[in-house]
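Letters are used for the chains, namely A, B, C and D, taken in the order the chains are written, and counting of residues starts over at 1 for each.
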Amino acid sequence: MNKIFPDAHAAMAGILKDGMTLMSGGFGLCGIPQLLIEAIRDLKVKDLTVISNNAGVDGAGLGILLESRQIKKMISSYVGENKLFERQFLAGELELEFNPQGTLAERIRAGGAGIPAFLTKTGVGTLIAEGKELRDFDGAVYVMERGLVADVSIVHAYKGDTEGNLIYRKTARNFNPMMASAGKITVAQVEHIVPAGEIDPDAVHTPGIFVQRIVHTPNIAKLIEKRTTRPRIAA
Amino acid sequence: MNKIFPDAHAAMAGILKDGMTLMSGGFGLCGIPQLLIEAIRDLKVKDLTVISNNAGVDGAGLGILLESRQIKKMISSYVGENKLFERQFLAGELELEFNPQGTLAERIRAGGAGIPAFLTKTGVGTLIAEGKELRDFDGAVYVMERGLVADVSIVHAYKGDTEGNLIYRKTARNFNPMMASAGKITVAQVEHIVPAGEIDPDAVHTPGIFVQRIVHTPNIAKLIEKRTTRPRIAA
Amino acid sequence: MAWTRDQMAERAAKELRDGFYVNLGIGIPTLVANFIPAGMDVQLQSENGMLGMGPFPFEGEEDADLINAGKQTITELATTSYFSSADSFGMIRGGHIDLAILGAMEVTERGDLANWMIPGKMVKGMGGAMDLVAGVKRVVVVMEHTAKGQPKLLHHCTLPLTGTAVVDLVITDLAVFSIDKGSSGGMTLIELADGVTLDEVKANTEANFKVAADLKTKAA
Amino acid sequence: MAWTRDQMAERAAKELRDGFYVNLGIGIPTLVANFIPAGMDVQLQSENGMLGMGPFPFEGEEDADLINAGKQTITELATTSYFSSADSFGMIRGGHIDLAILGAMEVTERGDLANWMIPGKMVKGMGGAMDLVAGVKRVVVVMEHTAKGQPKLLHHCTLPLTGTAVVDLVITDLAVFSIDKGSSGGMTLIELADGVTLDEVKANTEANFKVAADLKTKAA
């Protein structure tokens, strides 16, 4: 069962269709599957519903699918970094569903784990709870939120083996593991690819069962949104 | 903030009281916090409600708290390995609540993650769903299950650092991570203790925030319930 | 001549496909691992928290930290990954396991299954059985056709249920039945064990079943 | 003399305790990290998936894979662990974070909070703010007392809410208020910034508040 594809275009080919739901990993520009997003642009599928914590920036991340007008709806927690997003939204060209970040993360985790709905305190008494079912447990009020699944999930990992086991690096992990579990088909771009057996099985973040396709994307450019530093104290 | 205690007795002292709810990690005898269980026996607290996938065997694991009659109620998925359990249960001395194993695991995970209830397909149409709320989502029926928390959780880990970050080994991980997250106080026995910084932060299974007390328990005897082997083919 | 336990396991192994992730129950289902065709990539899941389960260890190489859901010592493979029981059952409940092969006490013509409570004995618990039948994409039962001469394929289960409308295929020592669990298609006899007659199956089965067209020819 | 941003952060740092796990919002709350007393063990959480957040990196040592929830480059410490955003918000929602220090646009005398939607501007989203106020054990707001001369401590929020009855303490450039959010205890002025008078606070506050007994003495 070969899961390795020669390039991002090949890895995304044959699994996309207009109107589908896509999950895209990453937080800001950290840990985003940039080359898989570019392949989706090149494959010209449209009317996508995209579930992603953010919407990229102008020219990077999901920003490039906004430019190409392939996204119909975003389900996100924060889209503040993207001017094109604002223009398309205000022009009525883009639908938007905001979720609290933790609720979004849990909805995706629930979807991957076969849980159609769960209760949370987050958002009770706010706009987020409007129209949703409220429940009382032990004297506190909770709102019911639904699990999310995707036709295709795209994720970025630091290391992957031929079985599809993945390891993420530092805060580039973020939404990638849950999204890998919640895609009917999950495609991973990995910086380093190794034979099965080279990753410590205790250290695997995403077991291979969740990953149907892998593509090796070495030496990718990683963008930094807010480069903050401190001065070196002279010795 | 020192989390390290000199021995199992000291680590369990001052946090136990009669009638409390205890979570105890492990699957069968694999990854059980044996020395912490022995400390609970020695501290003589009683009327415990114990949440654990299994109930140990005669003379090991939770079996020793059955012997000392400190357990009032078990919440488990399988208790088949324990004759004393059977006798106490049939004599009406022990309450028992069966949960499907995955529902039990998820209830504990939910408790630790602040989710008071979730929906699952597991057990619909069986005894397990009796008296519980059923809900329809997209044409399928699901049963509502509640999150579980414990006054104290005890877990076994392979490695721990002074911050309380834990790593489990192979299938000894099982219920330990969720239980660590669902205890108001969590005590970990660890085979190897290292200074903070020695565990790869990408490889941590249980972040230190979930662990209030750690005790170093090197060279523990690990029991095997079913020793199955295959013959060596002569060279 | 009914099938032996090994023959039943061999028949069950025909349900495997390249790339499948599979959960095997204890008893006869465990034997299925011996019949995975060479060159076929099948990863076995152990619901306590492992994918890529290897064979029993060589004597002296048992590791107490490495057991399967039946609490037997096992080994790891190059493909192995470990995870928590919550993640393991997330995998199961979420429909990521392609196939579960399980034992049973009773199965009905609608695919209801009872396999966790033995009448008159201490109740040991359902373990992961209810989760597996509710979550896994396809459920295959392997069991003896009768117990003490009484049919196990029934109109209604007499024992407490593990799940309702969950079984897709039943392999017994006498025959193989498919179950159209999602609709009113019911149960269909699709295969007879070598030397077993249709009459013999009928005599030992309470459940209603149709007989597949191609089997009728073969059995004639 | 109202407090500076640094003085507000320094005051907020007095809410820290040894062994605390703390989440700091963007803006003034970020500055609180500079005032953690020496010898006090405080671990900072970043809700994108990190515990044990270190300071900004030295120039040239930025790592694109290592950012905080404000998307700034940061560093790791000896205590650091990384986890998924689902695990991170499980930590938050499950009540494991001792303290969140956040900015705000409006706070009411009952502890209602609005801090995610700016009137007349494009809505950017609430990010993790709603999860933090709903889940963290104790919520401290640090904000300017007024915005363009208008009070931010109100009877009712005019902006869309982030949470209801969630704020425990408000630190402004003029004063510090405790809020008994769980009951009808309301808001109490417990501290004045150096040189600020009670009348000045009253003139700039719409919300009802009591004055703590010991503060009355001090302010007299």
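In the analysis below, contacts are C-beta pairs under 8 Å (C-beta built on N, C-alpha and C of every residue); 3 or more make two chains touch, one makes a residue touch a chain.
Since the structure is predicted, the reported quantities are computational estimates derived from the model, not experimental observations.
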item: Partner chains shared by subunit A and subunit C (touch criterion as defined above); value: B
item: Label of the chain whose CA centroid is most distant from the centroid of subunit D; value: C
item: Interchain centroid distance [CA atoms averaged], subunit A/subunit D, Å; value: 29
item: Geometric centre distance via CA averages, subunit D-subunit C, whole Å; value: 55
item: Chain centre separation (subunit B, subunit D; CA means) in Å; value: 36
item: Of all residues in subunit D, the ones touching two or more other chains; value: 76, 82-83, 89-90, 92-93, 135
item: Contacts with 2+ other chains: residues of subunit B; value: 106, 109, 113-115, 120-121, 168-170, 173, 201-202, 205
item: Graph class of chain-chain contacts, one of line, ring, star, complete, other; value: other
item: Pairwise chain contacts under the document criterion; value: A-B, A-C, A-D, B-C, B-D
item: Footprint of subunit A on subunit C - complex, ascending; value: 18-19, 21, 41, 43, 45, 51-52, 76-83, 87, 89-97, 135
item: Interface residues, subunit A side, partner subunit B - complex; value: 106, 110, 113-121, 135, 137-138, 140, 142, 146, 167-170, 173, 200-203, 205
item: Of all residues in subunit B, those that touch subunit C in their complex; value: 27-31, 53, 76-81, 86, 89-90, 98, 100-103, 105-106, 108-109, 120-128, 158, 168-178, 205, 222-232
item: Subunit D-touching residues of subunit B, taken from the complex the two chains share; value: 1, 109, 111-115, 161, 163, 165, 181-182, 195-197, 201-202, 204, 207-210
item: Subunit C to subunit B touching residues, read off their complex; value: 46-50, 55-68, 70-74, 76, 82-86, 88-90, 92-93, 112, 122-131, 134-135, 160-165
